[in-house]
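One structure is given here, and the rest of the page talks about it.
Going in written order, the chains are labelled A, B, C and D, and every chain counts its residues from 1.
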Amino acid sequence: MSAAAVHSLWTTAAEPISKIDAPKIEYGQLSPTLIVVGAALIGVLIEAFVPRRSRYYAQVFLSAVALCAAFAAVVALAADGFGTTKAHIAAMGAIAVDGPALFLQGTILLAGLVGLFTFAERRLDPAAHGNRVDSFAAQAASVPGSDSEQAAVKAGFTTTEVFPLLLFAIGGMLIFPAANDLLTLFVALEVLSLPLYLLCALARRKRLMSQEAAVKYFLLGAFASAFTLFGIALLYGYAGSVSYARIAEVVDGTVTNVDPALANTMGNDALLLIGGAMLAMGLLFKVGAVPFHMWTPDVYQGAPTPVTGFMAAATKVAAFGALLRLLYVVLPGLRWDWRPVMWAVAIITMLGGAIVAITQTDIKRLLAYSSIAHAGFILAGVIATSKDGVSSVLFYLAGYSFVTIGAFAVVTLVRDAGGEATHLSKWAGLGRRSPLVAAVFAVFLLAFAGIPLTSGFAGKFAVFKAAADGGAVPLVVIGVISSAIAAFFYIRVIVLMFFSEPKPDGPTVAVPSPMTMLAIGMGVAVTLVLGVAPQYFLDLASQAGVFVR
Amino acid sequence: MSFPLLTATAALPALGAVATAAVPAARRTAAKWLALLVSLATLALAVTVLVRFDPDGTRYQLTESHSWIKDFGVRYELGVDGIAVALIALTAVLIPFIILAGWHDADPLETGNRRWRPTQGFFALILAVEAMVIISFEATDVFLFYIFFEAMLIPMYFLIGGFGDRAHEHGEETAATQRSYAAVKFLLYNLVGGLLMLAAVIGLYVVAGNFSLQQIAEARASGSLHMATSTERWLFLGFFFAFAVKAPLWPLHTWLPNAMQESTAPVAVLITAVVDKVGTFAMLRFCLQLFPEASKWATPVILVLALISIVYGALLAVGQRDIKRLVAYASISHFGFIVMGIFAMTSQGQSGATLYMVNHGISTAALMLVAGFLISRRGSRLIADYGGVQKVAPVLAGTFLIGGLATLSLPGLAPFVSEFLVLVGTFTRYPVIGVIATFGIVLAALYVLVLYQRTMTGPVKPEVSAMPDLRVRELVVVAPLIVLLIFLGVYPKPVTDIVNPAVRQTMSDVHKTDPKPEVEAAK
Amino acid sequence: MENLIAPLIAAPLLGAAVLLVGGRRLDRVGHWIGTLLSTASFVFGLILFADLLGKGAEHRTLTQHLWTWIPVGGFQADVTFRLDQLSMTFVLLITGVGSLIHLYSVGYMEHDERRRRFFGYLNLFLAAMLLLVLADNYLLLYVGWEGVGLASYLLIGFWQHKPSAATAAKKAFLVNRVGDMGLSIAIMLMFTTFGSFAFGPVLSHTGDASEGKLTAIGLMLLLAACGKSAQVPLQSWLGDAMEGPTPVSALIHAATMVTAGVYLIVRSGAVFNAAPDAQLAVTVVGAVTLLFGAIVGCAKDDIKKALAGSTMSQIGYMVLAAGLGPIGYVFAIMHLVTHGFFKAGLFLGAGSVMHGMNDEVDMRRYGGLRKYMPVTFITFGLGYLAIIGFPGLSGFFSKDKIIEAAFAKGGTEGWILGGAALLGAAITAFYMTRVMLMTFFGEERWRNQPTRSPGAPSAEPAAETHGEHAEPHPHESPKVMTIPMIVLAVGSVFGGAFFSIGDRFLHWLEPVTGHSEGDSPLSAAAVTGATMVCLVIGVAIAWAQYGRKPVPAVAPRGSLLTRAARRDLLQDDFNHVVLVRGGEHLTRSLVYVDHTLVDGVVNGTAAGFGGLSGRLRRLQNGFARSYAVSMFGGAALLVAATLLMRAV
Amino acid sequence: MNPVNYLYLAALLFTIGATGVLIRRNAIVLFMCVELMLNACNLAFVTFSRMHGNLDGQIIAFFTMVVAAAEVVVGLAIIVSLFRTRHSASVDDASLMKL
């Protein structure tokens, strides 16, 4: 680049800034996100100003209202046709308002709502010193087992910060799949991650494991996001811009008005490929695909179960949304480069998750591995690179998220002296003690296993169908095999619950408040409805199957 | 839009299942009666289907068709041909007897736990299975069929793993573990089969674009839908594997002995007499209609497998020490006959096979249920623990003998007709296979008579000396079955009249005609 | 008139149903119901017989179509009955002898608390046997064929608490099944050859079919016949079948059922006529069996087993005759009928003796019984004379004709067969005389032998009821038992003469079976002479051995042949070693294979995944940094792979 | 001099950071390595920005700093709490959950 050019660049910059036309923001179309984030901020203020006794109620109320409002906004937008005809890119090209975005945001918000219910549950643990407690530490700062902790518990402290944190996370998740330039993507990634890191550390019981989970999640997450960022940097270097549309144009070679200054770096495919790969790696980390999955079991096990449920459901949805957008909007021109790689990832993810899960002994770890396997199945749909592929993935995510939250909600119910009894051996004979809970959990497991008449089957069928249509028949076969393997360990749990004799020192099943019941109930309802009469939702998903660019 | 008879026939037991499950824990007997009444009502509906069905009418009758999952090209399409009608009737007939036979099988041991309601569950599950079996006989949409073909596994799984014989030689703990092993084995076997079928189902959709059996079959016939030979064969294998597991065909059979051994006699009957029939039925309806060429391509191998099943099953039955296992292996041998009849591709073979499904259902039910009564009395499944029962409980012994004679297909009893038809049908096209298969009848005589001799004859064992004879409830279960066996053995025409047209259709699907006899050929 | 055929079968069938379903409440009258219904069926038979006689020789075939049984495509099986001279003959024999034996059993089974059931089975047998001979197609015949098998199974094993009986019954059924296999294959062959298996189409189109097919059919039919009629190599069950009550042995295993094979061959004459090879096989089987049976009969000390051997050999004669084709058919049937009389008589006699001797069956513990049970002695004696072919008695005529026919076959075959038949006649004379002498003559070896020596075989459990530890008090049987014996004795005396004078029987049966006079190298007189000589020799030897010197109470070791003959010429041992042992090994090894191999593969796969899982999960070692390593490595791979994709 | 060299430097720094994450035990140091990686990214951004002659890269660099700061806040909070419970900042000690 010639010195003159550089000089001119400086000089233009040095000129007195006459007038920058203010960026045009379509607040209406961004309302879902804005509502949630705004509510989060208010939540912070509540923490600051509302007396301790009433904080909990204020927070729960606020969050619930915010999520419902946001969901209403999403529905309104969708009804207004932003999902289909009016789909466009808002906020100066930063955020896309289109079918996938809205669908995923809706899913995330519902998941978030259900998650909120499980967060707010306060009936499961025995009341400590006369005040009800939820599954979060009384005072995260106090050392486990220390006097300060005792004092905090005695004083009836509760970490109501979790609610704003939850809202922040949801806010990030809402932006994540809608982000239409890499910067927004990165910011959203951090916004959704950081609160989750904290939430992981806040368990009331088993705090060491909780903190360990947080540390692992945080360090690895930061590590991954560094890769992501570097990937972004390379892409920026490749295209001279971080806007999806722009990058896509460059990739397709249909770029207009190249200024000569860029000529020598732009279109350097090495940059593109490496950058794309590193970016993809960041997203695959979030969805928990092999070999970037290793944080999943530990974090899922250590984190407070409500957090785990929410995280497992919502994060996956958001991350897959972002991944879809990246692959379909930014890198479609690169299909022939990334498809084979994704094939490999999908295959090892499906098989790896399913196989390792066989020998798990902790229910939460088991579900973690199953979530890995499912990530593999979803990837199979992602690879299809067709409209069907998108809509099938959307459908799968919707179904899956509810099953997951429901399943983890059930896990919170099964408790013994040491809190949740997550070791499988403790679950023996649960079907005898409380058939209903066991039956509900069995329904979730069958949905995971993809047995017909559950959402799991419909989703799996949709995804595999799309994949097969896309010519990925071997992938389908492997998927089928690995779901057979997966079936084995889901069934193992069912066997344990129904066919083995209950242990004398077995866990008790706590009677939850209506909130958890609602969460579980919604899970079951969605699972069965999507299993028996999925048509409406499939329509929804297929309408929402088109990205704007 | 007439009354959706088929839907009703399937829906009634389903609703009955829900209702039964909802009966409060204390009202155990009420649940039993409810289940029994529902099954009888279902039988009534099935009979109406039988009556409304016109053998000489169109291929699929009483059809219903509604859009279901548009995106998957799935429709809710029901329709019955003669074969389906016969099997629906069989199912509806057997279930009441199964319920009646299992009257006390699920009475809870500890009545303390208010929430644990095994009895309700047991009968609800049986009804659920009935519903799913019936609808999978009715479905003319591949996807619809597949869904229930798979879903049926779940209630069966709980029936096998959740309820076993009361007294067990090794104590309840090991019994439980063995049960769950059997249940898991059953489920995994069938699930693997089912999932491979799923891949094939998806493949079929990719090729054909919809799931309607009739549309696809017509398109195939008219040539408007072309399938590459390799594609057709792969799809065929995907389907056939699942059905072969269900059927079960050697060497995919090992789940059956465990399942039948560990489950209570009524459930064992439910498995072999009802559920497994879906597999053979599906071979006849889906494999042959959707993939005629591939079916013909695979015929030699399948026939050999069937032949192995026949002889192998019989030989193993001879070697068993456990009554239920023995019956299980006998069933494997019989399923070999059924498959052989289907793939012999002659009208005798296929009518015979269909008839065989019905008769085998009844005869196995008779034998197995009586065996169950016997076992419930002595609390052991081992043949060696019995002896001389005939002297203390002559009626039981007599019914047992009749069941056994039916199993060895004695002329005059129903199974003879079907078995002979299958043999003839096979013989006309594959003489050698037919002849070898005929050895099966000798082996059958061997295992049945050995079983009878060891259990019923000889000096009375002290343990059985106080054994009561059949009770009224048990007689009510067995007597009608025996009457059916004799009636269908003497006058099978009603069934053959219904079945023959359907078989003729299937034969034309695979473009096969019966070989001409030598004398006519000479002329 | 043909409408009377169905009732003919229905009567005993009804009896069976009533008696078996009726339950204990019928115990007191059951046996009379059974007897009544079998007699009724006999009466129907007589009426039909009269009707046939009324018709012209060519129109003596009645058919009754009841309903279509199995209609599938070309496969049409009807339930249709056909009554012609041949089946008529059998009907009369079956119902006649059957009724007599019912009557006899009333007395014989008096002490058995399960008498009702016994009569139920007997009626069942009659029904099945009638169905067998009246069926108009082979499939329906097959039903009767297995029906009689079932009845015989039930009756042999009637005393089920005796393991020996149960085993014998099972054996009989199994061996018969082997034969049945032949019959069903024959039917399939007929279907593929003629497109039908009804007598009409099959027997009238034998001309159009290839000889190979016909030979195959013939051989398969022969196999069936061997099973049912206890011909070598499937004869082994008959001896054990004597475990059943004696009336059963008389009715089923002497007079009627075992002759079904002969019926089958004669009925299928058209097939055999067109298939010489099959015919030859039949004759060979017959000849071998008639010697085999005779030899076995010589060695047995159990009176019933001895008679069983003789039955075997007599049926051998019939089969031989049937194998000779049109020359022999008529005489086969004729001998069958006469044999039915005298052999039934002999068995009833034997039963009567056992009845008087505390159910002792070992002839070495008999002796000198003639003065204690005169009626039995006389009837038995007449039967004896008849069977050895004493001039003028029925056996003389029928057997003589067969021997003639055998020679008439001509060529070396003729000589061999004829020779065999003659030899057989001699041996027959020997063993029957032996039986006669050991039972009714000589000193009373049953004296001061209070208890039965353990070695001796025991047939009747009724022994348990009346005192077995007392010294036996031989006594004549009640009227209800003696009358049938007398009737049968009369039959066995005059039957043959009645049939042969003016060839009555020949003319009666000829329209069905056809007949042709072969050209015998020997004149009828020569044959008769030869027979007589053989007869005398046989009797003489027997007298020399058992008449002149006293019979040892314990059997001497005897020659190799004798010992072999006592063991049914080692045929059972062969079965045991080859079939039973071999079978057991086969099944045991298969069970092993199924468990370890077939099932092992499945469990192995599961275990394999489990192991893999266990190994893979070690990677999850809990160290955040190692997770980071995998991520880093993954990223590197991802990048590398993407670049690689572009490179290639 | 050729700005591409800055890219090489960035890559180098990034790699150093990553290696540090892989080999160091102390959570704080680990974390600093991550920060190093982020800053490597920043360098890359500004370099590219320079090369492309548009300001996007520089803007992004600022964003990154903010994000990094946020990460520090959260990260240190977690690490400190871990340290207080375990009295060690070694990440390898925190391996309760495995397999």
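By definition in this document, a residue touches a chain if its C-beta (ideal position, glycine included) is under 8 Å from a C-beta of that chain, and two chains touch if they have at least 3 such contacts.
Just so it is clear, the model here is predicted, and its values are computed rather than measured.
Visitor: If you apply the touch rule, which chains end up adjacent to both chain A and chain B?
Guide: Output, common partners of chain A and chain B: C.
Visitor: Quick check for the class: compute each chain's Cα centroid; which one is farthest from the centroid of chain A?
Guide: If we average the C-alpha coordinates per chain, C ends up farthest from chain A.
Visitor: Which chain's mean C-alpha position is nearest the mean C-alpha position of the whole protein set?
Guide: B
Visitor: Looking only at C-beta pairs in contact, point me to the busier pair out of A-D and C-D.
Guide: Most C-beta pairs in contact, of the two: A-D.
Visitor: Using mean C-alpha positions as chain centres, tell me how far chain A is from chain D in Å, no decimals.
Guide: Roughly 24 Å separates the two chain centres.
Visitor: Please tell me the distance, in whole Å, between the geometric centres of chain C and chain D computed from their C-alpha atoms.
Guide: Those two chain centres are 97 Å apart.
Visitor: Which whole number of Å gives the spacing of the CA centres of chain B and chain C?
Guide: 37
Visitor: Between chain B and chain D, what is the separation of their C-alpha centroids in Å?
Guide: For chain B versus chain D, the centre distance works out to 65 Å.
Visitor: Would you please write down the residue numbers of chain D that are in contact with two or more other chains?
Guide: 18, 21, 30, 91, 94-98
Visitor: Where in chain B do residues touch at least two different other chains?
Guide: Within chain B, residues 188 contact more than one other chain.
Visitor: Return the residues of chain C touching two or more other chains; collapse runs of consecutive numbers into ranges.
Guide: In chain C, the residues touching two or more other chains are 606, 617, 620, 622, 624, 628.
Visitor: Identify every two-chain combination in which the chains touch.
Guide: Chain-chain contacts present: A-B, A-C, A-D, B-C, C-D.
Visitor: Provide the residue numbers of chain C that touch chain A in the complex, in ascending order.
Guide: 606, 609-610, 612-614, 616-617, 619-620, 622, 624, 626-628, 630-631, 633-635, 637-639, 641-643, 645-646
Visitor: Considering the complex alone, what residue numbers of chain C touch chain D?
Guide: 617-618, 620-625, 628-629, 632
Visitor: Enumerate the contact residues on chain B facing chain C in the complex.
Guide: 185, 188-189, 250-251, 253-254, 312, 315-316, 318-320, 346-348, 351-352, 388, 390-391, 398, 405, 410-412, 416-417, 420-421, 423-424, 427-428, 431, 434-435, 438-439, 441-442, 445-446, 449-450, 453, 456-460, 490-493, 496-497, 500, 514-520, 522-523
Visitor: In their complex, what parts of chain C are in touch with chain B?
Guide: 20, 67-75, 79, 139, 142-143, 145-147, 150, 153, 157, 160-163, 165-167, 170, 173-174, 177-178, 180-181, 184-185, 187-188, 191-196, 205, 208-210, 213, 583, 586-588, 590-591, 594, 598-599, 602, 606
Visitor: Spell out the part of chain D that touches chain A in their complex, as residue ranges.
Guide: Against chain A, the touching part of chain D is residues 3, 7, 10, 14, 17-18, 21, 27, 30-31, 34, 37-38, 40-41, 44-45, 47-48, 51-57, 59-60, 63-64, 67, 70-71, 74-75, 77-79, 81-82, 84-86, 91, 94-98.
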